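Naming follows writing order (A, B, C and D), and every chain is counted from residue 1.
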Amino acid sequence: MTSTQIATALPRDRRVLGVQTWTVAAVALAALALAYFGFAVTSPYRLDIAMTFTMYSLLALGMYVPLFLGGNIDLAYNAYYAAGAYSVALVGARTHLPLLVAVPIGALIAAVLALVVGLATTHLSGFHLALATMLAGLAVYRWISSTGAEITGGADGIGGIPRLEVLGVEFDRELLVAVGFLAVWLVALCLSRFRRALPGLSVRLNRASPAAAEAAGVPTRSMKLMSLMSGAAIASLGGTFIALMNQFILADSFSHDIVFLILFLPMLGGIASPWGAVIGAALLVLLNEASSLLEGPGPLIFGGASLLILILLPGGLLGIAATTWSTWARRSRGSFDD
Amino acid sequence: MTELLACRDIGKLYGGVVALKKIDLAVDAGEIVGLVGANGAGKSTLIDIISGNTRQSRGAVHLRGAEVRGGPAKRARAGISRTFQLPQVAHDLSLRENIACGLAAPRFRSPYRLAAEWFHSAVHDTTDWGLVEEVSRSIGLSGLERAAGTVSFGDLRLTEVARALVQQPDFIMLDEPFPGVDDDGVAGVLAALRELSAQGKGVLLVDHNVDIVASIADSLVLIAEGEVAIEGSVEDCMASQVFRHRYIGVA
Amino acid sequence: MAIHWIDALSAVRVGLMYALLALAYFLFARTTGTINFAIGGYAMVAGLLYGSVVTRVGVPPVLALVAAVVVATALGSLTEALVIRPIAARHRDEFVVVLAIAALLFVLQQLAGMLFGRRAVVARPLTDSAFTVAGQTVGVHDVITIVLSLAVVVLVGLWVARGRSGRMTRAIGDNEDAARALGIPVQRIRMLTASTAGGIAGLAGALAAPQAGLTIQSGVTLSIVGFIALVIGGTGTAYAPLVGGIVLSVLEAGASLIFGSASRDYLMLAAVLLVFAIRPEGLFSTRVRTT
Amino acid sequence: MRSNRLWVLVGALASSIAVLAGCGASPSPAGAEGLTGDPLVIGVIEDTSGAASFYSQQGVRMIEYAAEQVNRGEYPAEIAALFGTNSRGVAGRPIQLVTEDDGNDPNRAVQAARKLVGAGAKAIITTSSSASTIQARVVCQEEEIPCIASANASADIVKNPNADFVFTISPNSTLIAAVYSSFFKAKGYRTVAFVADSTPSSKAVTDAYRAALEGAGMTVVAQEVIPVGSTDATAQVSRVAAAAPAVVFTTCSSAPEEGLFYKYAGDRLATTPKWGTNNLTLADETVEIAGPAINGAKAADLRSPDNKYSTEVAEGFARAQGGDSHLAWTSLTHWDAVMLLKRAFESAGTDEGPRVVQEIEGIRDFPVAHGQPGYTVSFSAENHNGASARAIVPVVFENEHTVVAKDEQMPQ
């Protein structure tokens, strides 16, 4: 299963019962999310796991446009994640501003960080870009954990973040998870639309052939910056939600370990669609629920599965589903035709 | 007729090697110019220089009398479009999607427009799929749902031509668009070029098939050893012994 | 501040470790065109293996060193055969290879965690003996490390420049199809360089193991420093990694002496961005390889 | 071909799940034969893979040992006097432990704590790092159950917000720093050089000590950082040597890096007094890396060979484990945590968290297995850290092992 075959397996106007496939998928996923939410509220622990799923999903969705559409390997995502979380923490614990303003502030800071990273790495791609951005992520972590510890609280963290309150409604843990799910659903939906419209197509052409994209009138430099910045802003939401949920954050959570983890989520789910990132995050959480994945052999299996999928089935789970679907559709159509 | 595009005293060095010595060339509005020459004569280099994909070592390119500067994207937005000798498409996109990328030139006029389209597209698809459909049909390209990685070489060429056409250019350069393309496709492309010409656009056509080029071009330019060897109307050139010898003899 | 000669000696020792890692990158990239970010992973596995079998099983250190290098050699060739070759056969996108190698590094890390535990493994040196020069204790292990590393760098340099198969690596790196047409056994040479690269990384890891408590996280750290040394040195000649490694180590030690090590991460980033900005091809190069 | 690939993947996943299924069975209460009451579930947060694993793993084994001793009703004399010799379980109920791993990741610490609560835990003992406890205590606050961070030294753990249900037993860094300040002052040290590693917690510890020592009038002439994963600390030693401090103070969190410093400090800082925090004596790695160069280094340990209670617990633990050479002081404080919980649950007569917390706050002069001989801890509603300076035992490395530094009189 190559990415080419996926493109054929998921044409843009395939219809099921007269409704576009993506609409069916979006509605089905919304139903799934609702079911999962119903399950999550049954215990505080499950609610935490649901929030972790939200955070992983948003980080992985943030990577989707720059990395999986554009091929720009930005590994400074721990910095964007931190931008969202620390905005909430600092606005909530150190100022009297309404906490809601922390959301755009976090997204803005993340986008500006991404802009700086993007400008500093203008001429880099591939492994060199990966190295430079990874070092940028390490530098930001160093700043959070030591140089800027007076602002960020370092290892002691920042506590006492109040609950978000909008128009008199207090966002308790359940409501935050519900809003988080909604955010994931909306972002994935928007990204899957973006992917098939002109800007998304331009990003993808640029990955295949920068010369062709330039010649077609795509301002590739601005576009790379745009994709890095919007990806960073989406990822910052992951940090926003975690900080709002836990009401406490500290430096140790923002090391580059998390970048490696979320890098694998879209691979597992399938990189042909942003929903793949969400499916990957769901899979991680599901395995976590079934066993203590993150202990013992869990990470090994997780990494090994990602590697195997990359080597053997680069379409990921979505790719497998798409192949099965198109094979089945072809067969059933064939039998009707006969 | 008014001069649309002009190359003045263009020279290009690769390292120490001379690729183009001195090229002067002009295309008028509504004119179709055939550019011919042996392999390695510098035809593609000249196209790269005009489109901005390569920087010339000397000389200047003028569009509507003003010197063209900046990268290919800026020139594309100014109205120059092109195809590549080796088709440059994204293999994981369908033909339709590849062609649609040409809409970038008229749409992303400024960083502000790019940003606006960027966010708008996440909510509402404003891509002009109708135009993509129409242009493709006009050059006889069908089966637009197919992924670019699965189609024939000829269809890839047509995809590139269609992408160049949806850019709605004032000046279009086709770099060997015909090898591998069937007769219907060739006829379709030629018709599209005539249509452009009728609208007062300029065309620079490079191909090895001198008969096809001669059948449509208003004038021919032969470059050899990095210089314009012969230029003139199609009739004059085809009548010229030197031309026949150098071009048909070598190619 | 006066620079003590022991500072210089340490800088050379650390620089040679960086150089070995960079050399491993260099060899791997030469024929496969891939920056193998799992190089540090091989070094980490080799170091943990060396430390574990010496300390826990009681295997003689020299034997353990050989075993570590053999395992790392195998890892290098397996990477080429099972990861890079199948992916490169299907994808033209460099970024898929980058992702696969990131996943490989993660897998190596977790595998090492399962095999050797997640705590730091402290290895015994090849020999405990030491001698005193001008009041400073110098371990014999350090001297062996320096001599062995230099020998490997020189031998590999000679092989690439003079050796029959060594020169073939150049041909493959320049133009694979042409090399194939000339009858060069491309796959075999690739395998040879990939496994040699693995072995060199393994040597670097095993020799460094007694200097620090290696953990499974060390893989990423070693990958990063080796890559930076490669970036600084460039890929022009087989000796470029040596220069890159020493330059990085001297810069690092110098910066630590002047500014303190707290600023290390910032300086690394600045150094890399600076090199990319002004000499993207590294100090030594025959061709530009940035994009 | 494609279906072959699919099968390889399915096979790999199936075998992984089989491996996973083999893990994670929960043990029944040890030593509880004959105890009829409902088990009292105590949750333990451990770190099997992160930076805290080197003391967390032994800590968990000690908690298991302590729970087993409680279930059997077998205690050293010091505690038997309090409970009675055959006081089995907690008011006759066996202690049952449930354990969750947080990998020393603060985000996972919250989930681990919630999972423990979900498994019925009525109290939580944390054995992971301070950062992890600081995050996990939020759950204890929400669920209103007592949480004992018996090994953590951060002073922030018992600071509000979210500190109503959390207790620490060992001296925190503020207390130890205060002891050091007057101690160094008495010894006439005017200048100090700090050596830390690049972890956030080391930075936090260093800042705490630095503030205390500067407050006592000392001048910090150098503050060096050894990046985690370093293979060399020559430059740091050079800078410290050039600054010529009266005393060197190592405030690392990561053991190998601390060892690396002592290894290279052996020659050039041979005559400078070197002190470490109570982290220095925790892990074998420090000594393994430093080798003989560690000899002469001093530290504030919490374990005294002269303390009979300590020795008895240590020997009992070693017997149960089949001989564990090096008992970290953190393991002793975990033993104390279990005893403290038994005491509080018994006197509360209920599982209700707020009542149990009230009982802990009422505990005075409770004998503990760590500290100097006869050392006790006392809590109150205002003071959730029961420690006092008498917990601190100055030790010195001789022949690569610690012995009590008899000539060092630290303020009490």
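As a convention for this text, a contact is a pair of C-beta atoms (placed from the backbone, for glycine too) under 8 Å apart; a residue touches a chain by one contact, two chains touch by 3 or more.
Fair warning: this is a prediction, and the values are worked out from it, not measured in the lab.
Contact with both subunit B and subunit C is made by A. When chain centres are set by their Cα atoms, the one at the greatest distance from subunit A is B. Comparing each chain's Cα centroid with the centroid of every protein Cα atom identifies chain A as the most central.
Centroid to centroid, with C-alpha atoms defining each point, subunit A and subunit C lie 33 Å apart.
One simple way to say how far apart two chains are is to compare their mean CA positions; for subunit B and subunit D this gives 72 Å. One finds 37 Å separating the Cα centroids of subunit C and subunit D.
Among the residues of subunit A, those touching two or more other chains are numbered 2, 142, 146, 207, 296-297, 304.
Among all residues of subunit D, those that touch two or more other chains are 48-49, 198, 225. A complete list of chain pairs in contact reads A-B, A-C, A-D, C-D.
In the complex of the two chains, the subunit A residues touching subunit B come out as 2-8, 11-12, 190-191, 193-194, 196-202, 204-205, 207-209, 211-220, 222-223, 226, 230.
The residues of subunit A lying in touch with subunit D in their complex are 1, 43-45, 47-49, 52, 142, 145-146, 149, 154-157, 159-160, 242, 246-253, 287, 290-298, 301, 304-305, 308-309, 312-313, 320, 323.
Looking at the complex, you find that subunit D touches subunit C at residues 48-50, 53-54, 198, 223-232, 234-236, 238-239, 241-242, 254-257, 259-260, 264, 266-268, 284-285, 288-289. Of all residues in subunit C, only 35, 37, 82-83, 86-87, 90-91, 93-96, 98-100, 102-104, 106-107, 109-111, 113-114, 220, 224, 227-228, 231, 262, 265-266, 268-269, 272-273, 276, 280, 290-291 touch subunit A in the complex they form.
Contact residues of subunit C toward subunit D in the complex are 1-4, 6-7, 10-11, 13-14, 17, 113, 118-120, 122, 135-137, 208, 211-213, 215, 217-218, 221-222, 253, 256-257, 260-262, 264-265.
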